[in-house]
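Paired with chain B in one complex and with chain C in the other, chain A is shared by the two complexes that follow.
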Partner chain A sequence: MQPAQSPIPSRSNLAGWLYVLPLVLVLVPFFVAPILVVLAASFFATDGFGGLTPGFTLASYVEVLHSALTLKLYLATIKFTVLTWIFTLIIGFFVAYFLVFHVRNQLLAIGLFLLCTVPFWTSNIIRMISWIPLLGKEGLINQALLALDVIRQPLEVLLFSDLAVVIAYVHQLTIFMIVPIFNSMARIDKKLIEAAIDAGASRFDIMRLIVVPMSKSGIALGTIFVVSIVMGDFFVVKVMSGGGSASVVSAFYEDVGVLQYPTAAASAVLLTLVLVAIVALILRTVDIRQEITR
Partner chain B sequence: MSAVLADMPGTVAPATTKAIAPSKGGRPWTFYVLAALFVAYVLALYGPMFCIYILSFQDIRGGLVFPMKGQSLHWFIDLFTQVRTGDVKGSFDRSIKLAVIVTIITVVVSFLAGLGFRKRFRGDTFVFYMMIGSLVAPGLVLGLGTGLLFQALGLNASWYTSALGAQLSWTLPFGVLVMFAVMSRFNHAWEEAAYDLGASRWQSIWLVMIPVLAPGLVAVALFGFTLSYDEFARSLQTAGSLNTLPLEIWSMTLNVTSPSLYALGTVTTIVSFVVIGASLGTIVLIQKKRGSRAKGQE
Partner chain C sequence: MKNDRGDIELAGVCKSFDGVTNVVDGVNLKIADGAYCCFIGPSGCGKTTILRMIAGHDDPTAGEIVIGGQNVVGLAPVQRRTAMMFQSYALFPHLTVRENIAFALRVRGQSKADRLRAADAMIEKVRLTSFADRLPAQLSGGQQQRVALARAAITEPRVLLLDEPLSALDEQLRVQMRQELRRMQQELGITFIHVTHTQLEAIALADLVVVMEQGRIKQAGAAREVYAHPHDRYVAEFMGGQNVLSGRVEKVNGASFTLAQAAPSGIEVPLQARPTVSVGDKVDIAVRRDDVALVRPGRELPPGCTASLPSRVLAIEYQGYFVKVMLDTVPDDEFVAYVPEKTFFADPFTVGDVVMATWATGSALPLA
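Entry: the complex of A and B
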């Protein structure tokens, strides 16, 4: 939308920058600078006691890239990310589909949608530990299975295992799929679907040719959220695996704990590069800014 | 993700008021399958949380799993009086104060940035991607960087300086994204009308935009408060010597194995629910007031 009098470009530039200046003033010292500090630290040498010697050495990168542990950590992280992504996508897609296309009462749909979003505004840590009374060795699920004579011994794989990690991730992150997919589905013109039905399309065709392609941007946005959160997480892995599994960031956390800053920083830089590559790849399929402001 | 959350009752686009075909008659079988999936999802979403709320009301014999052993407020009293469980009261206090500060800054800065992003300007894409970067960067890494930065500058890390900044790098991108969604629904004709009637830029913001956008601003405040109040990864390396509540909970998960942990979960969730309820209530109230006013003028 053009204003009545066409603005002089430089003045409009100035006004725009004035409005976003406070945002930039927060992001530069608390996002750009810390990233640069981590980048710098990755090239420093260490005395092994937390002291950093300014300099330029690639020793930390060599150490990280040569260690067999790195490959294991990345494989574990990718395993968690892919599993979580698949489950959140399936559940998120169908929950959104149900709310948009099957709930006929608009007010009810919004109410049910809000019901799904409320836990997002509560503590992640609390929601994570709330699985303990259910999944534990003496937890409800084991009690129920024992009572039904399905098992003789309580299952130990339920809590403090990779299964528990994935359950906790899916529990926390499905909302990040539901919201953007719901948002893009709600914008699909229902007349389009009526027209498809009139033209003889089956319900499967409608799903395949209309609903899925038109929710693609929502799926992309949700994927960015889920992937970046899982890959950047450490406390779910640490607590829910009971220390049995590790991810890239949880290893980073241990490194920081023993003051191995350069190695930790090098591993963080590598992770950030991987993350940026994934996000950039996703962003190529969807113009996120246009998507949000539309 | 924010467009729908931003102004809930206002999201109904005219085209969606009509339910999908077949809009009448019997439900297809998929309805029942998906309804079952939805119910299962909501149960799995809330079920575990309610388990720990219930278990936090056990008496002194209580353990971490069912069955429930007696009923009392023992673990809540334990939580606030025992030294062993750490400085719960102090961290609770700090978290609330910090969340209020973060909320105020988030609302103001996001609103201004939302105004700025309405028109294109040189470098706007750069600022936008900087914001997205801040959102997706691993929190722990950013926190460590901030901590090291403060160390290098000779500043003391504390919850009201470094942790405040680290949390803003998380709440502001959310706030601005919500603001985008809110602004995209703002009808520019109102602003133009204000200018035509002789309003200054300041008056048009204060007297037209803010009242119209009020529900969206409440939503931004809700994001700011809850994201800060529950923030963990970015605060871990930046909070300094005094803990915020999530950090306190974190250290409890590592060394407390009594229902005190659940009691803390119950208390902190009550605070979250009060804030969510108040925010959603305010939004509904504003919308209702508008609806009745509009009707009165018909």
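Entry: the complex of A and C
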């Protein structure tokens, strides 16, 4: 077969499309289509029993935005998000820092790094249930404190509380901070650290002036992971708070339970917009693309 | 009172990373205050390790490092008042030129106004004023090198340590930056210690050239001394510009001895610094490549020349002001004559010609 003598003008375009085709085949049916369905559903009317009437009404949005509950739910979710973000960031940063700058043996560093993933060898539910023997009313912590006479009554606040929710989130999500921060720290040339020592920088100066600014992209990526996971979660809140706390997603999960699809869809669209705004804000402060291709 | 003396003494310095082999093996050396010292040797000879030990980035396994009369082993770089310029510069990629240069002052707690003023003065000294707000990635290799130099010099160290500072540059820039380094050293008036594996760089720059092999100093001295009077075969071959021949001593006659060689008449060598040579000893001698004259067989040798080694021309390279003629004089070893261009072209040889290699008897140098 002869190759085409005169190339079609759009030929390079065609090659480009072929390159992105596999991703398109995944993203369109599993991401774009569902979002469009949800978006459409948010504008539909409902008969109140799960039946949807195609059409265009903003009633669901009005309902969601007018509800005092929405603000409360967002505040609660943002509280969980911020607390989780702070703790995962601090723990994640120092774990990565330790692995990259203090473990001299690379094999040991990789081994320790894999250790961080051990909790993920089991299911999310098991991981949450495992907190009960530790934090519960009869749990290890309460028993120890009682035995030491630090407290007279078992602490109720440990389990089925906001504290428990944050603990479970931090436990689950720290790895999402460790990985990207570890990755960007590992790419810092060790000579830079030596050059800073040579200039007289203390360990704290090196962290503040060299390591943190140069790990920015990792911190930003980890932040995006943690924030979007916490904001999109209801399960941990439900289980760990014992039903005492709610989040944005748990509210529209309830809506779905009572067949209020359009309100649930409108809440979902709203949450997506909020998340997109947050991610855009993060990307605005840190040019991840530039940092990654550095 | 601040001690500004930058003289350095290494006494019995050893370094081992694995506890078995010494990367640096008992080095003793004195470097005068304000000297430009070049450590030279093949990679893995321990020169960079010595530099890092003087800088305080590695600790010696044994021995003392004395700067300005004070043993500095165990002190931090800042306390030693040394500064290091790293190979490939290690500039902070997220900081501008000005911030890079001001970094050391920043961590010393100088006020922003003070440190930026000092940095700007230094930037002017290295002629980078119009680049002060750029990031390192936006600079050329030569500019990055000047930033690295300025960053190291801003703390007013008494010793500046340079780890292969020119290796990342292309040939032309290297020669230019070489001069700039020397100019900066004279301007700052401090001790520079420069590690390189390029002979030309070392002899062009240094007051003191230190030739190293496998963790030991082979020879330390002025550039001209190391080049023209190498101690032994290793130094002669490493510094280049010499032909090394070996043979057995045939007879010793007063101030000279005769070396049995392929030459019919033997090679007469003045004793010079070698007091003890006896008949039967195996001896290496060096003859500078530019001292070798080539004469067609049957012609008279130039005055003062006694050696006469029949050779075949293997290759000829035109080098501009001289012509490099490679000969098979010594079996299995290089023997090269640098013939001045005009002399060569007055009676040019071609590859395969048989010539007699000769030199003034007094220019042969016995090696240890």
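By our rule, the second predicted complex is superposed on the first by the 266 of 294 C-alpha atoms of A that agree within 3 Å, B and C clash if a C-alpha of one lies under 4 Å from a C-alpha of the other, contacts with A are read in each partner's own complex, and residues count from 1 in each chain.
The criterion applied here is as follows: contacts are C-beta pairs under 8 Å (C-beta built on N, C-alpha and C of every residue); 3 or more make two chains touch, one makes a residue touch a chain.
Remember, it's a predicted structure, so these values are computed and weren't measured experimentally.
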item	value
Fit or clash between chain C and chain B when superposed on chain A	fit
Dominant toucher of chain A (residue count), chain B or chain C	B
Degrees between the directions from chain A toward chain B and toward chain C, using C-alpha centres, nearest 10	80
Touched partner set for A:L148, first chain B, second chain C, both or neither	neither
Chain B versus chain C as contact partner of A:L209, first or second or both or neither	second
Chain B versus chain C as contact partner of A:N124, first or second or both or neither	first
Partner chain(s) touched by A:A199 [first = chain B, second = chain C, both, neither]	second
Which of chain B and chain C A:T174 touches, first, second, both or neither	first
First, second, both or neither for A:V26, with chain B first and chain C second	first
Partner chain in contact with A:H102 - chain B first, chain C second, else both or neither	first
Per-pair minimum CA distance [chain C against chain B, superposed on A] in Å	7
Common interface positions of chain A, toward chain B and toward chain C	189, 191, 194, 197, 294
Of all residues in chain C, those that touch chain A in their complex	55-57, 76-78, 82-84, 86-88, 90-94, 103-104, 106-108, 137, 151-152, 155
Residue ranges of chain A in contact with chain C within the complex	189, 191-192, 194-202, 205, 209-210, 213-214, 294
For the chain A and chain B complex, residues of the former touching the latter	1, 4, 9, 12-13, 15-20, 22-24, 26-27, 29-38, 41, 91, 94-95, 97-104, 106, 110, 112-119, 121-127, 129-134, 136, 138-140, 143, 171, 174, 176, 179-180, 182-183, 186-187, 189-191, 193-194, 197, 203, 221-222, 224-225, 228, 231-235, 239, 249, 252-253, 256, 261, 264-265, 268, 271-272, 275-276, 279, 288-289, 292-294
Partner chain A, residues of chain B touching it in the complex	1-5, 8-9, 11-13, 15-21, 23, 27-28, 30-31, 34-35, 37-38, 41-42, 44-49, 51-52, 55, 64-66, 105, 108-110, 112-113, 115-117, 119-125, 127-128, 130-146, 148-149, 152, 165-166, 168-169, 172, 176-177, 180-181, 183-184, 188, 192, 222, 226, 229-230, 232-233, 237, 246, 249-250, 253, 261, 265, 268-269, 272-273, 275-276, 280
